[in-house]
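Report on the structure given below.
Each chain gets a letter, A, B, C and D, in the order it is written, and its residues are counted from 1.
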Amino acid sequence: MRNIQVSELDRRAVEDQDVEIVERKGLGHPDSICDGIAEAVSRGLSQLYLDRVGTVLHYNTDETQLVAGRAAPAFGGGEVLSPIYVLIVGRATSEYEGETLPVERTALESARAYLNETIPELDVGADVILDVKLGEGSGDLQDVFGEEGQVPMANDTSFGVGHAPLTETERIVLDVERSLNGEYAADHPELGPDVKVMGKREGDDVDVTVAAAVVDSYVDSMADYEAAVADVEAFVADLAADHTDRNVTVEVNTADDIEEGSIYLTTTGVSAEQGDDGSVGRGNRANGLITPNRPMSMEATSGKNPVNHIGKIYNLLSTEIAESVVDEVDGIRDLQVRLLSQIGRPIDEPHVADAQVVTAEGVTVADVEAEMEELIDDRLANVTDITRRVIDGDLSTF
Amino acid sequence: MRNIQVSELDRRAVEDQDVEIVERKGLGHPDSICDGIAEAVSRGLSQLYLDRVGTVLHYNTDETQLVAGRAAPAFGGGEVLSPIYVLIVGRATSEYEGETLPVERTALESARAYLNETIPELDVGADVILDVKLGEGSGDLQDVFGEEGQVPMANDTSFGVGHAPLTETERIVLDVERSLNGEYAADHPELGPDVKVMGKREGDDVDVTVAAAVVDSYVDSMADYEAAVADVEAFVADLAADHTDRNVTVEVNTADDIEEGSIYLTTTGVSAEQGDDGSVGRGNRANGLITPNRPMSMEATSGKNPVNHIGKIYNLLSTEIAESVVDEVDGIRDLQVRLLSQIGRPIDEPHVADAQVVTAEGVTVADVEAEMEELIDDRLANVTDITRRVIDGDLSTF
Amino acid sequence: MRNIQVSELDRRAVEDQDVEIVERKGLGHPDSICDGIAEAVSRGLSQLYLDRVGTVLHYNTDETQLVAGRAAPAFGGGEVLSPIYVLIVGRATSEYEGETLPVERTALESARAYLNETIPELDVGADVILDVKLGEGSGDLQDVFGEEGQVPMANDTSFGVGHAPLTETERIVLDVERSLNGEYAADHPELGPDVKVMGKREGDDVDVTVAAAVVDSYVDSMADYEAAVADVEAFVADLAADHTDRNVTVEVNTADDIEEGSIYLTTTGVSAEQGDDGSVGRGNRANGLITPNRPMSMEATSGKNPVNHIGKIYNLLSTEIAESVVDEVDGIRDLQVRLLSQIGRPIDEPHVADAQVVTAEGVTVADVEAEMEELIDDRLANVTDITRRVIDGDLSTF
Amino acid sequence: MRNIQVSELDRRAVEDQDVEIVERKGLGHPDSICDGIAEAVSRGLSQLYLDRVGTVLHYNTDETQLVAGRAAPAFGGGEVLSPIYVLIVGRATSEYEGETLPVERTALESARAYLNETIPELDVGADVILDVKLGEGSGDLQDVFGEEGQVPMANDTSFGVGHAPLTETERIVLDVERSLNGEYAADHPELGPDVKVMGKREGDDVDVTVAAAVVDSYVDSMADYEAAVADVEAFVADLAADHTDRNVTVEVNTADDIEEGSIYLTTTGVSAEQGDDGSVGRGNRANGLITPNRPMSMEATSGKNPVNHIGKIYNLLSTEIAESVVDEVDGIRDLQVRLLSQIGRPIDEPHVADAQVVTAEGVTVADVEAEMEELIDDRLANVTDITRRVIDGDLSTF
């Protein structure tokens, strides 16, 4: 039997705390660009190994470094002056049974495809230099979906933590960024993907602060720019209102100084074009948010191999467990799931799976304990689903 | 009057929680090497600007990337095969009133000096390639110690968090690494600086797990190696016993497989020589620890300019405030201090300084509130001390 | 009056010498790739400056370095494993009257466009990493086509040398490479652009040795490969026969060992994909050939700015002068034109223009001297035509 | 019997020609720095292979690229602002019988040692970044000093050419640079190693033009600078007078504009510190000179492996042969030796060794032919001496 402990969480639900801070760095933020590239490279390598070898070989590519470029944005369309430089760093097994595998080429292709899809205004090869340094991995063979349900062993003593449900503020922050970079951007090409959202709640007052890069070729004047910002503000306000009855204040590009002409105008939609460096693991946690009110793992999730890198797997799995428990078990106000690995043990058998719960009024831990344990046990048994879904790109890591 | 709020912390003191996890990546860990280089570069640039301009100009160098090398360690002395590659990344103002400042040269010199001091077995220039890409900063002048006590403005809306006192487990983890890399290494050159310490406490049982790189030129045989590891273990056990009456178990290099000859032997004392990449801000927080039981800021502290980079200043300051309050005020069992900045406001006037306290038995928040507020206010008033001490290298950032 | 000296060349015409060696590195040779990129970058920068500033500013980009990749060619189509790395190096003025010019971006775009056109099998960005380091130029303004026919000053004491007419062997070598990379490749996609041609003549026996990269995706078997090589051989033999009545022997890919399977098969048509590094100025001289029988300038012509870089201009101009004199003046068997600049003097007034001639039987130097001097004087007067044609891409530099 | 042909050279001796141009780029010239590094790396690798394997394995490192830095020289001592970047490029076998050899580390160490010795004012690691990209070689074993005098096979069809004796002008140019960078610099630390010497002879008038970098920390004023330049001029004039009775004019730093303060002042003694890029094979030929009056090989000699790289060996050997023939055989006024290899044949058996001679008055080719052939044959028989002396650093390649 797996070591699953359910207990009471010795604090108020985050939703009930006085002050709450939440942040999300959007897809085009320099740190997120690195997370995205690292994870795209990881998926590319996993797929390469599956195609060629039938199983995922050792790799770890959680170290992309971005050096900002220089740009001269201008109403109606400016230009990039000096390219962004991106160095993809990591380890990957390049020799297997006498065959040499195109790991560096695969990394470049994956990164390029990711950027083309995510930041369409960026001309990869002219606005961005993609470079790569992949050292040799250990060459150990790692079975992904082993015969007869064999489960990989943990590669380290590590720790993952997940939470559910998200608070209103968290939901707002997450949804604002995703919607802006999704449906909104589809209709509003003037909005670049470098959107950063900060939510601050004090009691029942929620401040949502958005920094949104505007793409210069779609705005011809300061009036256009101001209209673009106002549109974002209105959209965010509407969206936030769908999530909460609290008082919401929305501010977009508050650092702008319209008089001075100091505004958030970009040529490519990302601040990396001018002065903002980035790297992997410095931004959003595995659930897409930065939540100082909650325990967080420092482990970078993006770019790690999803087969036996326990930091990656347990961060994703603990979040999934928390979400599914909250979905299926009534009476939970806040749930925190921690998974602690034991090096050398199968990853479906953590040293401890520790679920701490704030129950709803009138519900006790004893009421939900059994159901929770069963659900958690089931999820652990299917841990390799995480691996599969990461490789398929179905799970976001940042 | 500054906005200082003292309230009760709505959880048990970490010391009293059932499970506690603490980690510290030692000086020679790849992420710490990057933190250390970034901070050394930052100090070098601050000093350069003070010497040449009289004040610190805009810079931000919190983005060093390390790409691991290849080595062939061997009893009696192996060798580095391919060098570690370190890319120093950031922004720095290089032109001031017509003078060009040697920012890249200063970065290289600072990084080299730091490595020479910290990892003496590493031959910088042969075992390590130091490269640098510093883009242009904004050129804004930033007064450090302005006339008549002028205080810089916050450059961002950001957040810092500090805690005190450290728990026994935290103190053990911190002290073990510092002592191993200090007095112990001085007498035991076979111990490399790449020491990683993990503490796990379940109730009153504390497990201290140490991964310690052994330098091959000082051990001639497996027996020597085993003796070196045993010495570390004994030292750590003694040291831990000084800090706690709880049951302490110490394990050193548990991943070794002596039979297979798979041991933690290195040529230079760091795992970066063979396969372990690293970057800034991925390891220890500003207080030197990774503490998932406590709120942590994701902000990288190392490498940022200490004049107006509010993330750096507030992480260091909140820790200092927490420590001094606990030192001077009786009856505090656990204290968490959060500082939230307000962009454009003087950094000594945070949006809120929020001190949450777990009082000792028989003490109430009301008993300590006034004294705490006064102390916090005083510390905020002297915020620029932080800047000065960072530049002087008196404050550790990782 | 310009200082033009016509005299007798104190050796036999190269056509009449006993032994003659001629070489041409084709478009896809690693050194030629670098020459081609450097010159494409030069044209791109010239055009940028003309478009933005109206005149060409100081730059010099004659230093591209190519680091070979790794590939695994295979009948029917292999793959690139590790990318070719190309570092574009040089100086370029990036600031002009307060405006910043996109010199690095322009360099990348120009290089990419050149590679896409010249080596179509190469996927730039996946098979090739293009990187760039352009330092600051001097910022001096250089008028290209100044008012009232103002001519730029020579930037150096330098030397150019040109010859005409080409010998039969030289014509064969030049034409073979151009035809293979032109009409032949258009019909035979299995022939890659990395074609190297060596001509050796001993008396009336001419050996033409061709090394021709075959593209793997167009040949499915060793038989296909052998047929491809045989086709090249037949084509070259026919072409050579058009140029000479001497005995011609043609050999293609003589280093092949069919038995061992050691053949010149490539995935992208260039040897840079696997192990052959390259750089600028190491291959063909300005007339497209390497001719140890004739004086050659060591100066790299490709990548230099064509406005006042005298080494570039005089190498191209001396060749043009030699060709036009031979075209228009009867009775010349071999002509060598040397131009020696004088630093600080207008480039149309060389320190000396020295034309040495081998006259045909029955013709004396006195017979042709006056006509030659007039032609040379006229060409010198129109030296800026060279600049214009280089920028327009009408003059090949390698 | 080896195929040795002695014949009359169908031109006047260079000494007797009307116009002669000779150039030498001194040790500190950017191209020479690259040549020197490439050759130092080559010697380091040869020695590594000899020490570890007992024989030299395949490598080729003739591709170093230097990207200039930025400096701010000033009387009394200026500073380097941005480092010079040097990329060592090539191929080297890194695996041999299961052992991995430290080829990249050896390259870095060799380059660093060379720079420290040659350009003492340069602080490698702060003023210069040394980077390296060595791809895999072919792994073929190459016997250097094989059993029973086995001679390596030629790796290519290539060509070497050598001359003797040097003309007066050539001797002056060579000696001026060597003496300035030797005895003179030893006594005059204000002279940097970046010395470029150009000799131009028209009839009996020899112009020697020297560009000599002055090191700023040794000159405190313009007067000091002018004195330093005058000292060089006097030294060169004396030295030239020892070599010739012709009229010699010496000019040093003619491009200086003392009024404008535009002088050749440097912080480190090399122009690479500010704006002058460099690469291998672009400067001096194997005999240390650039001599457009004589046939030259375009092949880069520096950095190539001296065991079977025929271009390197034949350039050095043909020069040696020419010199020894002229030393030992009376009556030779000018001698040109060409060696043409035959791929796959032992390197002591060239396709043809072709010695063309201008005899002294009263001497015929028939008079010297037999003695020359014997000497040439003997030298060819001992071709592997070249290899040995290159590895020992006894033969200069540039």
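Note that in this section a contact is a pair of C-beta atoms (placed from the backbone, for glycine too) under 8 Å apart; a residue touches a chain by one contact, two chains touch by 3 or more.
Just so it is clear, the structure is predicted and the values come from calculations on it, not from any experiment.
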If we look at chain C and chain D, which chains touch each of them? none
Does the chain A and chain B pair touch with the same residues on each side or with different residues, judged by whether over half of the numbers are shared? same
Can you compute the centre-to-centre distance for chain B and chain C, using the mean CA position of each chain? Integer Å is fine. 56
Separation of mean Cα positions, chain B and chain A [Å, integer]: 25
Separation of chain A from chain C, taking each centre as the mean of its C-alpha atoms, in whole Å: 51
Residues within chain C bordering two or more other chains: 70, 85
In contact (per the touch rule at the top): chain pairs: A-B, A-C, B-D, C-D
What does chain B use to touch chain A in their complex? 7, 10-12, 17-19, 21, 60, 63, 65, 67-70, 85, 87, 89-91, 133, 135-138, 157, 159, 161, 198, 200, 209, 254-255, 275, 277-283, 285, 290, 292-298, 300, 338, 340, 343, 352, 354
Which stretch or stretches of chain D touch chain B in the complex? 70, 72, 79-83, 85, 94, 100-105, 108-109, 112, 124-127, 129-132
